[in-house]
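Letters A, B and C mark the chains in the order given here, with residues in each chain numbered from 1 onward.
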Amino acid sequence: MPDKVILKVKEMETYIGQYHILQGINLEVHEGYVTVLIGRNGAGKTTTLRSIIGLTPPSKGSVEFNGEMIHGLPPYAIARKGMALVPEDQGIFSQLTVEENFKIAMYKEDKQTLDRKDWILDIFPDLKPKLKLKAGSLSGGQKQMLSISRALVNNSKLLLIDEPSKGLAPIMVETLANAIKQIKDHTTVVLVEQNFWLASEVGERYYIIDDGQTVQEGVMADLIQDKVLQKRYLGIGTKE
Amino acid sequence: MDIFVNLTIAGLSTGMMYYLLSSGLSLIYGLMGVLNFAHGSVFMYGAYAGVLVFGLTGSFTFGIIAAIVVGAIVGYTMERLVISRVYGQHLAQILLTTGLMLVLNELIKIPFGSNILPAFQPEALQSSWQIGEIVIVKYRIFLIIIGLVVATILNAVMAKTKLGMTVRAGVQNPEMVQVLGINIKKVFSFVFILGSALSALGGILMAPALGAINPEIGLMYQMTGFMVVVIGGMGSLTGTLFSSLLVGLASSYTAYVYPDAATAVIVIVMIVVLLIKPSGLFGKGAE
Amino acid sequence: MQQIKTVAPSVRKSLMNNWMLQIIIVVILAVIPFITGRPTQNMLILIFCMSVFAMSYDILLGYTGVISFGHAMFFGIGAYGISIYLANAKATMGNILLATLIALAVSMIISVFIGFLSLRVKNTYYAMITLAFAQVGVILAEKARHITNGYDGMTFRVSSVLMNKMLFYYIALGFLVLSFIFMWKFTTSPTGRVLVAIRENEQRAKFIGFNTLRYKIISTVVAGAMASLAGSMYAIHMRFVSTSVLGVAKTIDALLATVIGGMGNLYGAILGTGIVNFAGEYLSKLAKVHPIFERWYIIFGLLYILIVLFAPQGVIGLIKKITNKIAAKSVKR
């Protein structure tokens, strides 16, 4: 059975100020899989996610989501079509309570949404006792969990997650990996990740981004074997 | 003792008016980063609209309603027509709102001239209570009550409603609010309307306390409004309330001892706050 | 230290490097007193003084990217320095010079203080805090009635040499030219280039390693000093100073002139001052024809808003566009 392509990015280019950050990004994200974007620092991974959801609108190219052209739409409109972003800095509203962080994200407060929230809280049980607390009081790992939970609350079709492992203790990264494995049965995930362990643990397909361009794609299992490719684009193995 | 009580009541009532004026200023800056130099003009328009309608109908309530409506309309028009074009450009925002201030301040002179327009208190509130030595002016109490009611409602809206939640979230991270599927421009318009309506309400309520209004009161009160939000911390309603009352009381007491120094005292308080905690008493730490 | 390359506005290159044009303008201005009457001369002297004030404002607005609502305070310090000193001392040239220098020093000290206080928070704070200080300045001048005579203003004598308006015209013209050269040198100096870099992107300038606060304060000090000198010249010309020289309205005059003329190139400030003064004079005369013209300030306000929205380079920018088009056409031929 052929997979459905839920997100198709063609020749996307983006400027930030005078800098030509993205110079040709091509992606095909298949529904139901975890696609990992990897590449060096500053390669343009974060900007790719931001351009897809419209925060840094692309100047050229096209973005097709679920059969609709969405480039040029404002971020809120893209989000409403069923896309969610977990940004690098988590984007938690620290002045709001954990509960309010959920509430502000909910499009509707119907039974479905509330059930989904319960399901999310089962994945991240740490958040349960903290609901009434200010989100600013959470630990780094809990903030990451909240950010992912919040993005899931609307049954989005596509979840963009930007470097969730950043600054987390190894044990938290493992928790995160388990969580993403549970999530991927419900939604498609695009994951930007520098932590190769996490990327290989949850990723099924991969794209390598280098100097603002997609240079390589394939099945994660192949990349795990391919030490040459890893060394060339990811700098893995150079230290050892 | 009687003097102290009277000065305190006067200070609190003036402080409440500063709050009505400054809360919009603070919210608009906190959420959108717009320093609105036409905010005082809306205050002044509220005063004119209210005084005019009160004079025509004899009903102070109608005057208040007229002020709020005019304030909301002026605020919305400014935001849609001019300010929404330059979100994110701080320099252009100040330049444009200054231009709006100039135009609004001149426009009001076409029908009303630049002379003063007398403003009266509603009859029911003209008298005062006497308790022993202490004379309490009813209108001052009225102002304090209205201020408290507005502050309570505003806090409830901010704390309980989804809109309030969105505003609080937007003050911290407007980009993320958009990513969550909320059209922040609509929130911007709402806050602009709300802030302008509050400012205009402050204008009509302040007018009878002043006894007369003129086109200059806009800039005059705006300046105090700026100092209030600098002291209290931009974007914090609690800070604005605290700072408004502080400034109101400080100028009331000083005005009794040495009238000429009232403004100077506020400036000195502001300087001290800026030196010790540049983001304001209730402001977020580092920016 | 790393050199910052700034993209000089294209306006600067063609028009501004054209020294011939500048010399022609100065020559024309030098001849004017022989062919016009006293009122025009007086008007021009005023425009010269106010142009220096507007140029000093442009250093803040156009080159550094901060807006002041209290710039008139420095102008007022310069003006009151002269008036208060000369009201109490002999009007010798030495005293006039001394008064000017004292006012200059006071202005510089105050501008360092205000700059430090507000600019370390945010640029927008400068706008609010200068407004507050300006208001305090006006109140102080009002309350010190016994010295300043408040809103009614004070008159004083200057030395007889300076009473000769023909001579003073050339002094004022010389003042304008020298001020221009000084500020031009300042804005094109390494410091000036850093200021432009800060205006363009403060984060980046900081990142490269510039202490941006220090540079911004330098900018406010230079602007404050020039405004103070302009105020002193103004006072010598008018032989009358009232609290209106300190008020927000005076600052807004400079703001209007700079924006309408075109910010960030000093020329715009001069051109804008000319436009605002002549047009203001003309329009207020029309008030006799129809009372609607009493509100001529609205026209400036609207013009100003339109320029900020649609022609941020101001009139200078528009002239540049037109001359470019003409030049392009003649090339085609």
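Convention: a residue touches a chain if its C-beta (ideal position, glycine included) is under 8 Å from a C-beta of that chain, and two chains touch if they have at least 3 such contacts.
This one's a predicted model, so the numbers in the text were calculated from it and none came from an experiment.
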Pair of chains whose C-beta contact count is the highest in the structure: B-C
Relative to subunit C, chain with the most remote C-alpha centre: A
Chain centre separation (subunit A, subunit B; CA means) in Å: 43
Geometric centre distance via CA averages, subunit C-subunit A, whole Å: 53
Whole-Å gap between the CA centroids of subunit B and subunit C: 32
List of subunit B residues in touch with subunit A within their complex: 162, 165-166, 168-169, 171-173, 175-184
Subunit B contact footprint on subunit C (complex, rising order): 61, 65, 67, 117-118, 120-125, 127-129, 131-133, 135-136, 139, 143, 248, 252, 255, 259, 292, 295, 297-298, 300-302, 304-305, 308-309, 312
Of subunit B, residues touching subunit C in the complex: 29, 33, 35, 37, 82, 85-86, 90-92, 94-96, 98-100, 102-103, 106-107, 109-110, 219, 223, 226-227, 230, 260, 263-264, 266-267, 270-271, 274-275, 278-279, 287
Contact set on subunit A toward subunit B in their complex: 53, 55, 74-77, 79-80, 84-85, 87, 91, 93-96, 100, 103-105, 107, 150, 154
